[in-house]
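Listed next: structures, encoded as structure tokens.
Note that subunit A is present in both complexes that follow, paired respectively with subunit B and with subunit C.
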Partner chain A sequence: MKRESFILIAALLLGVPLLAQSRPLTVTGVRGLTFGAVLPGVPRIILRTDPANSGQFDIRGPNRKQVLLSFVLPAAMIGPGGALMPLSFRAGDAGYSQSQLIGSQVGFDPRQSFTATLSNNGRGSVFVGGRANPATNQRAGAYTATITLTVTVLP
Partner chain B sequence: MRTVTRLTLAVVALVVTSTVAQAQTNNASITATASVQTPINVVGAQQLNFGNVFPGVNKAVAATDLANGGRFDVTGQGSTPVTLSFTLPATLSSGGNTMPIGSFSGVHALLNTQAGGLAFTPSAGATTNLSAGGLLFVWLGAQVQPATNQAAGTYTASVTMTVVY
Partner chain C sequence: MRRVFAVAAILTLSGAALDAQGVMVAPHAVFIDHRLRGGSVLLYNPGTEPVEVTISTIFGYPVTDSTGAITLRTVDAPDSTLPSSLAWIQAFPRRLTVGPRERQTVRLLGRPPVGLADGEYWLRMVIAAQAGRVPISGVADTTAIQVGLTLEVRTIIGVNYRKGPVTTGLALSQLRAQIVGDSLITRARLERRGNAAFIGTIRQTLMDSAGRVLDSYQSPIGVYITMEPRLVNLISPSRLGRGRYWLRYEVVTEREDLDPTVVLKAPAVRDSVQVVVP
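Right after this comes the complex of A and B.
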């Protein structure tokens, strides 16, 4: 009985290092989505393939594992005095690249969850574009919003 | 031996269960940013004034007439292109009487002295740039054509200029 208890405890302790062997999932916000100078009444579109202005997240996790990508997207950017400027996202405004190259993305709709597969070395990148829709009387100034990407490793 | 085997199976099950239970989730955020430039503002600064007009005698006011030409003042983001378009009346009205107006002419300039101004045809609109300081001045002229039996009175009409980036 003593021996059995020892085996059980030893095995449970072993279980922790076994879990740790799988590379931990990390998600990093690499680059913000930059609309730059926007004129009142003139919509500004940033493509996910724009290497300077599209948003980018890098993912690191278990090799070749499937992951679920989910965005929390803002409906507006907040500016001076709480002024709002509508933001919109459409199908194809996000892209996933296993090779982490902006030129080799698979497009997807950021408004919906998307299943992707990490590369052989457990990497991937997500790019996002969008549309800023300033009103004709949009108050001048700096506007910001937060875009969050949640990544879940699928079993 | 049988006890150890059962125990091993239980341990493996426990390890597997705990692996499944610990699905990995993580997230990160980026910031979306934009810098909204100065909105366009248009002011009707001076009326297009034909003054006294006599029946049967056409009267024109040139766009270059700084005293009588109509003037719009535009402010907005410096050095930025804008498009001008106009809603032009075909007649002036005084109660139920009308008087034809036509031959609209225009000048736009970066200075309110009209120095360096460019002539344009208002019915066709124009595209130009605001000054580095975000200013633009637009003048309009036209010609009224009173009939020989034009009823006396004060005749007016509205001219609207629309400016967009």
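Right after this comes the complex of A and C.
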């Protein structure tokens, strides 16, 4: 926070035209979605309330600011030789917490947008779980995909 | 069975050991005056790894769906009926790398067409930043499945370009409210007036039949065209006894998160509705 304040003050002194002068918005990827050990043909489910394996994004911004949260979710991960491993996300796989505590989330469907309000001190966290669905003949190797969280500042 | 164990894997989507990564964006709303025709956004990387950032622009404005949830309506190719500045405001650079604990500035330059009418014109700036990547490594068994998921964050902020006299206002109608469990749920139709977005705050006050204030709530709101937002607030105390209550609903052009000089003034609008707890 001290560092952010310093940067803001420096920006103001240098004449950066911050016409809307309030706390800036920072969205940070904190923890990735971790599936752990899986077996071919056995789906692996991670709950958004899983403190070790769920994905987490932290948001810092103006107090009580409204933001619109939406995800771009991959349908599959791409592996060796173009092999695919399906991923799926269902209603309730995402959660939002003003207190940033994983145990006090309001669940939402990551496939739809969700309006969140930052806390009285301008904080919030987004948690996400999901399902990996390896096939019975899933090819070995490295699989990759990208999960995107879009934070739209309202208005 | 052996094959099963051979293929069994550690599936890690970006890994628990992810270094926190992201980018700070300031300000979170940009207002450009036609006389200056430019603005800027500061990006700061508070992390320890460089962050690749891509800048783009879209046209969109908040609306509500049939349930009252707020969404961003985007239009790929806005026509002349929409107050879009997408065609003539440029952001640069479009790609940049922000080093650890470094800051960089993205500039916005307006080149409006000759004869542009007075009013407010909108676009949204999209700041896409890598938010973390876990290297796929560390599994000695080459028959294993390994998965690494790159996290990306897109921050979308509003850019409002104002030319000449700009005015705003609001018409409030169809106010309704109900108490469901421990929540007060309200909806109202908000229609913007004037030639600029109405940026303000909804203030709600719940009173008993004697006019005593039981609770009050505030929600920031931006009405670009028309919307009918559904607001849900927890009631304190959590349970109201049977009876009749009043909800006072007021929308004012006040915002604590914005510089008052960029918030257009307009008369407050208000209404009240009775709420019955059976």
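The working rule: the second predicted complex is superposed on the first by the 136 of 155 C-alpha atoms of A that agree within 3 Å, B and C clash if a C-alpha of one lies under 4 Å from a C-alpha of the other, contacts with A are read in each partner's own complex, and residues count from 1 in each chain.
One rule holds for everything that comes next: contacts are C-beta pairs under 8 Å (C-beta built on N, C-alpha and C of every residue); 3 or more make two chains touch, one makes a residue touch a chain.
Keep in mind it's a predicted model, so treat the numbers as computed, not measured.
Colleague: Given the touch rule stated above, what does A:Ala52 touch, subunit B (first), subunit C (second), both, or neither?
Modeller: In the superposition, A:Ala52 touches subunit C alone.
Colleague: Contacts for A:Arg44 in the overlay, against subunit B (first) and subunit C (second): which applies, first, second, both or neither?
Modeller: Both partners.
Colleague: Just checking: does A:Ser113 make contact with subunit B only, subunit C only, both, or neither of them? Give me first, second, both or neither.
Modeller: A:Ser113 sits against subunit C, while subunit B stays out of touch.
Colleague: Mind working out whether A:Arg90 is in touch with subunit B, subunit C, both or neither, as first, second, both or neither?
Modeller: neither
Colleague: Quick one: classify A:Gln66 as touching subunit B (first), subunit C (second), both or neither.
Modeller: It touches subunit C, and subunit B stays clear.
Colleague: Overlap of the subunit B and subunit C footprints on subunit A, residue-wise?
Modeller: Comparing the two interfaces on subunit A, one with subunit B and one with subunit C, the shared residues are 4, 7-8, 11, 18-19, 22, 24-40, 44, 55, 57, 61-62, 74, 77, 79, 85, 130, 132, 134, 138-155.
Colleague: Touching residues of subunit A toward subunit C in the complex: what are they?
Modeller: Touch residues, subunit A against subunit C: 3-4, 7-8, 10-11, 16-40, 44, 52-53, 55, 57-58, 61-66, 68, 74, 77, 79, 85, 113-115, 117, 130, 132, 134, 138-155.
Colleague: Okay, in this complex, where on subunit A does subunit B touch?
Modeller: Interface residues on the subunit A side: 4, 7-8, 11-12, 14-15, 18-19, 22, 24-42, 44, 55-57, 61-62, 74, 77, 79, 85, 87, 128, 130, 132, 134, 136-155.
Colleague: Name, in rising order, each residue of subunit B that touches subunit A in their complex.
Modeller: 3-4, 7-8, 10-11, 14-15, 18-20, 22-40, 77, 80, 164-165
Colleague: Quick check on the complex: what are the subunit C residues that touch subunit A?
Modeller: Checking each residue of subunit C against subunit A gives 4, 6-16, 18, 20-31, 39-40, 42, 44, 46-47, 62, 69-72, 101, 103, 105, 124, 128, 131-132, 134, 136, 142-158, 197, 199, 218-224, 256-259, 261-262.
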